[in-house]
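There's a structure below that I have some questions on.
Which chain is which? They are A, B, C and D, in the order written, and residues in each are numbered from 1.
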Amino acid sequence: MDLQQLLTDINAAAPDHFGQGKVADYIPALASVPARQFGIAVYTVDGDLYFSGMAQKRFSIQSISKAFSLAMAINRHGDALWERVGKEPSGTAFNSLVQLEFEHGIPRNPFINAGALVVADSLCSRLSAPVHAMLEMVRLRAGEASILIDRKVADSEYEHRYRNAAMANLMKSFGNFHNDVDRVLRAYFSYCALSMNCVELAKAFSFLATGGKCLQSGEQFLSRRQAQQMNALLFTSGLYDAAGDFAYRVGMPGKSGVGGGIVAVLPGRFTACVWSPELNEYGNSVAGIWALEELSKALDLSLF
Amino acid sequence: MDLQQLLTDINAAAPDHFGQGKVADYIPALASVPARQFGIAVYTVDGDLYFSGMAQKRFSIQSISKAFSLAMAINRHGDALWERVGKEPSGTAFNSLVQLEFEHGIPRNPFINAGALVVADSLCSRLSAPVHAMLEMVRLRAGEASILIDRKVADSEYEHRYRNAAMANLMKSFGNFHNDVDRVLRAYFSYCALSMNCVELAKAFSFLATGGKCLQSGEQFLSRRQAQQMNALLFTSGLYDAAGDFAYRVGMPGKSGVGGGIVAVLPGRFTACVWSPELNEYGNSVAGIWALEELSKALDLSLF
Amino acid sequence: MDLQQLLTDINAAAPDHFGQGKVADYIPALASVPARQFGIAVYTVDGDLYFSGMAQKRFSIQSISKAFSLAMAINRHGDALWERVGKEPSGTAFNSLVQLEFEHGIPRNPFINAGALVVADSLCSRLSAPVHAMLEMVRLRAGEASILIDRKVADSEYEHRYRNAAMANLMKSFGNFHNDVDRVLRAYFSYCALSMNCVELAKAFSFLATGGKCLQSGEQFLSRRQAQQMNALLFTSGLYDAAGDFAYRVGMPGKSGVGGGIVAVLPGRFTACVWSPELNEYGNSVAGIWALEELSKALDLSLF
Amino acid sequence: MDLQQLLTDINAAAPDHFGQGKVADYIPALASVPARQFGIAVYTVDGDLYFSGMAQKRFSIQSISKAFSLAMAINRHGDALWERVGKEPSGTAFNSLVQLEFEHGIPRNPFINAGALVVADSLCSRLSAPVHAMLEMVRLRAGEASILIDRKVADSEYEHRYRNAAMANLMKSFGNFHNDVDRVLRAYFSYCALSMNCVELAKAFSFLATGGKCLQSGEQFLSRRQAQQMNALLFTSGLYDAAGDFAYRVGMPGKSGVGGGIVAVLPGRFTACVWSPELNEYGNSVAGIWALEELSKALDLSLF
C-alpha cells in the first residue's frame, strides 16, 4: 500500500467528519481556533516522513505534553516514580477528585491531570528551570529549534487554574506534592501550551516506536523496556475516559490533547500524529480518531 | 530460545513465589484447593504445544470463563452487544456497584462481574440451554470432550450469590437485564465452575492468537477484526483492577480467574496459560503473574 | 388562634400550590391518582380533632409506613436494632446503593429504603405473619378497624421491585439481611400499600406527641425515651434528602411518602397530617410542605 | 432540681470518661493540650449562670466558630446566603471533597469545612477587616473584651491548610468562591483559633436560646425566625457525621469543635457549653457528649 496516497485520501475525506464536535472553549485562546482544519503525519522507524493536509501548522499540544513530561520523569526518577502515581486506567472523568480522595492522593496514572501534576512536581524537584528543560528536550526530540511555548495560552490556563489547584492542594494534604503549588502549576501549564505541528510531534515521539531511541538526536532517550512500558501505559490510559474504545477501534498506544491533536505509536513501525480541533464528548478529536481508525484498518495495523 | 527449556526453568523456579498470596476462600470448594501448585502451557499458532508442571491438572477457571462467554455473545449479537456493556477499564474494584449506579446500569466492560452478568443474560435470551451450549463450545475449542462443569463449585457459588444478585437486580431496575435473575445467575455460576487445565485453556483460546480461527476445530469462530477487538479489550480490562500493571509488566492481553489461572495471548504467535492458586490482593495468581512476566522478558514478547 | 379556622384557611389556599409538582408515576396504581387534591388533619394530645378538605379520603401511605415499622421494631428489638441500621442522615438520594456499599451493608437510617428493608427483615424474624401484625397494629393505633392494604398497589410495587431487591441482596452479601429476600420484599411493599386518610394517620401517630402512649388504645406503645428518640430521628432524617430544609422551614419531626402524605409531630401538643399528591423533586408533597410551614408560622410552632 | 448541684455532680463523674478518646493532633498547638480536663457552664435565658470544673479555662474553639460566622453571614446576607450553601446534613466525613464535586461546588451545609469556607468568603466580600469584625462581635456576644485569637494556632492551621485550600479552589472552579483563596483561609483559620472558655461560650450563644436577642449586649442579633432556623440547622448538621446520634442521645441543637468544646442550646431555656479535649472517632469530645446526655436525661430536656 502507498502510505502517501493513503494519507492524501484520508485528508481528502476528513471534511466529512467536520461539524460533529466542538472546539475546546474553556479558555479563550483555544476557543478562537478555527474548527475545520485537519492534518496528518506518519514518521517511520526508517526515518521516512509522510504527511498531508495542515500537518505543518502548529497547534496547542495540551495533554500530549503529559507523555513528554512522563518520559522526562522516567528518565530522571526510574521506577521510584511509581510510588507516587499509579499505572491503572482511571475509569472516571479525567479530572475527578473523587478517585484522588479515595486513594489517598495517589493519582491512578500519569495521563490524568492529577497524575501529570505529580509528574510535573517530580520534575520541579530535580530541575532548576523545568520549563526551559522541557522546551530544550522537545526541540531535540523533534529536531526543530523553533518550537515555542505559547505564553498567551499558558497564562490563560493559569487564570483558570482552580480545579488543578484543588487537585494539587489535595495531593499536598496527602504528602504527595513537594513543591510550591503555584510554581508547579506554572510549569504544568507551560508544558500544555507547547505549540507544535503534526510533523514535529510524529518526529518527537519516534523514541516510542524504536524501543527508546530518538531518531532525530540519535540518543537512547529511554531504555527498550521503559519504552515498552510507556507504550503499555499509553494503550491502557492515554485517551482519558475513552482509552478502551480507542484500543478497540484503533488498537495502538496513543495520547490526545484538547487542542485536537492525537499521537499514536505502532512499535517497530512508525509514529503518527493527527490534528483536527473539533472534540467529541470525551475531549478527543473527532476527525483525528476517525483518521487513525482508517489508518489502522487500511494497513491492518492493530497490534493484535 | 528453546521454549520447552524455558517453561521447565520457570516451573522449577515457581516455588520461590509460593507463600506470598492466599487461595480464594469465599466458597469452601475453592478454599480447599492445595496452595503450592503450578502449571504452565504454551500453544503456538503452528499447533505446537509446550508445557511444564501441573499443566494437565484441572482447576476452576472462574473469571476466565468471562472471555468464553464474551466470545459467544459477540458471535451471536455482534456490535449490538456494546449497547448494553461498555468497553472501558473499570477503575474500581471488580464487583463495585457504585459505577453501575452512576452509569445507569451499563457495566464498564464485559470482564467485571456486572458486565459478565449482562453477557450471560444476552446468551440466555438466545439459547434455550445456555449451560449446555457453553460446555459444547468449550469442548470444541479445546478439542477435549471430557471437560465438565464442577456442580459442587457452581452450587456453592450460587449459595453465595447475593452480591451478584444485587448487581443483576440493579441492572434490571435500569432495564439492562432481560431474563429471570436466578436463571442467569445459575448459568453464570456454571460457566465460572468449568474445570479445565492449562493445556486445555491454551488450546481453547487459540482463536485469539490466530485472528479468530479455532485451531482444534478449524472453525473461524470470530472474524479477524472481532478477535483483534477482543484482544484490545482483554489488554485494557482483563485483569480486574490490575490491568495497567499487567500491561506494564507483561504487555499481552490476558484474563485471570480466582481459581489461580491466567490466560495470555501473543497475537500471531501463541496462547499461554499458567495456573497457581495463591492470589495477590487483586485476585490474580502471584506465581502466574511472575511466570508470564518471565516469559515476556525471556522472549522479548511485549507487543510494544 | 382558632385552629379549625386556620385549617379551613389553609385548605382554601391550597389550590394556589397545585400544578407545581408531579404525581408519583413509577407504578401505574399511583400514577392514576388525581393530582389536585388536598386534606389536612390535626389531632391534639387532649384528643381534639380538627380537619379540613379531603382529610377523610384514603391514599397510599407509602414511606410513612417506615415510621410504623420502625416503631414496631423498636418495640420488639430495643437498642439491638441499632447494630443493624444507623441513626445518621443519609446525605444522598434516598435509595442510593453507594452509601450501602461504602458502609458495608449498614444503612444510614431506618427511613431510607435500605434501612426500612432491614427493619422489615427484623420484623420478619420475629413475626410469623408480619403483614397481618402490621395491619392490626395500625388499626389499633388509629382506632379504625376498616383500614386495609391496597393489594393492587402492593403487587404493582413488587413487579417494580428490582432496585429494592438489589439493596436487599447487597445487604445480604454483607450479612445484614436474615430472611428470604422475596418474603421481606412482599412484607415491605404491603406496608407501603397501607391505605389511610389524614385523620387516621394523625390519630395513629399520637404516641409520638404524648411520649409513647397511643391515645386510641390507651396503650403505652413506646417508652417516653423511645418516643423522644424516634422524634429526633424523624427530625434529622424523615424527609429523604430534604430533611434539613424541612427542619429549617417547618421545624418539626416529620415523615413523608410518595403518595403525597406527610405526618408531622409537635411533641406535647399534637400530630398533624397533610395530603396532596403532587410531589417536588425530592419526592415530598408540594402543597403538604407549604401547609405545614403555614401551620408552623401561624402558631409559632417551631420547637426552637 | 438544683442545677448547680447537677453540674457539680457531672464534673465529679467526668474523670470516669477520661482515657477513652484522643486529643486532636493534626497541629502541634492542639496536640500539646493536656487531655484530662473538663469544664461545664449553663447560662439561662433569665441571665443566671451555673458552672463547674474548668469552666473558666480558655481553649481553642475551632469549629464552634462556624456557628459565629454563620450568624454573622445571616445577619449580613439574609436568605441570599442559601444560594451558595445548602441546609442538608452531609452524610459523609466532614471535610469530604466528593460531595462538593458531585454537587458542583455547593457545600451541603454551613458547618462542614467547605460550607464554613463559603461563609467566610461571603464575610470577606462585605468586611474590610473580617478578622477584627469577628473578634469584636464575639466580645460583644460574650460581654468579655479580653477574648483573643491565638495566633500560634491560626498560623499552625495555615501551615496545614492544604485540604481546605483544595476545597476552596474546587469551589472557585465552580464559581462559588469570590475572594482570594489565601485571604479567606487566613480569616477562616483565625476564626477557628478564637480562644474562649465555657462560660464565655455559653454567654456568647445566648441569642440562640432567646429567639435572637443577645443577653450581654441587649441587641437583637438575629430575628426570631432566623434564630429558630439556625437552631434547626445545628440540630440536623452541627456535630459533623454524628449529628443523628447526638440528636438521638441529647436532643438539642449543638456545635462541637476539635478543641474539645461543645455548645448546646435549649431554646427558651438556656445555652450550655462543655469542654474536655479527648475526642471520639467523629471528632467530638467524649466526656462532653456524655455530660450533655446526662444533663438532658436529668432535666428531661429533650425537645421531643
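Basically, a residue touches a chain if its C-beta (ideal position, glycine included) is under 8 Å from a C-beta of that chain, and two chains touch if they have at least 3 such contacts.
Source: prediction; values computed, not measured.
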What chains touch subunit C and also subunit D?
-> none
Smallest count of steps, each to a touching chain, taking subunit A to subunit D | 1
Going by C-alpha centroids, which chain is farthest from subunit B? Tell me that one.
-> D
Mean-CA-position distance for subunit C and subunit A (Å) | 55
Centre-of-Cα separation between subunit B and subunit A, whole angstrom | 32
Rounded to the nearest Å, the gap between Cα centres of subunit B and subunit C is 48
For subunit B, residues contacting two or more additional chains = none
Of subunit D, residues touching subunit C in the complex = 86-92, 99, 108-109, 227-229, 231-233, 235-237, 241-245, 247-248, 251, 253, 265, 267, 302-304
Residues of subunit B defined as touching subunit C within the complex | 96-98, 101-102, 160-163, 165-170, 172-173, 181
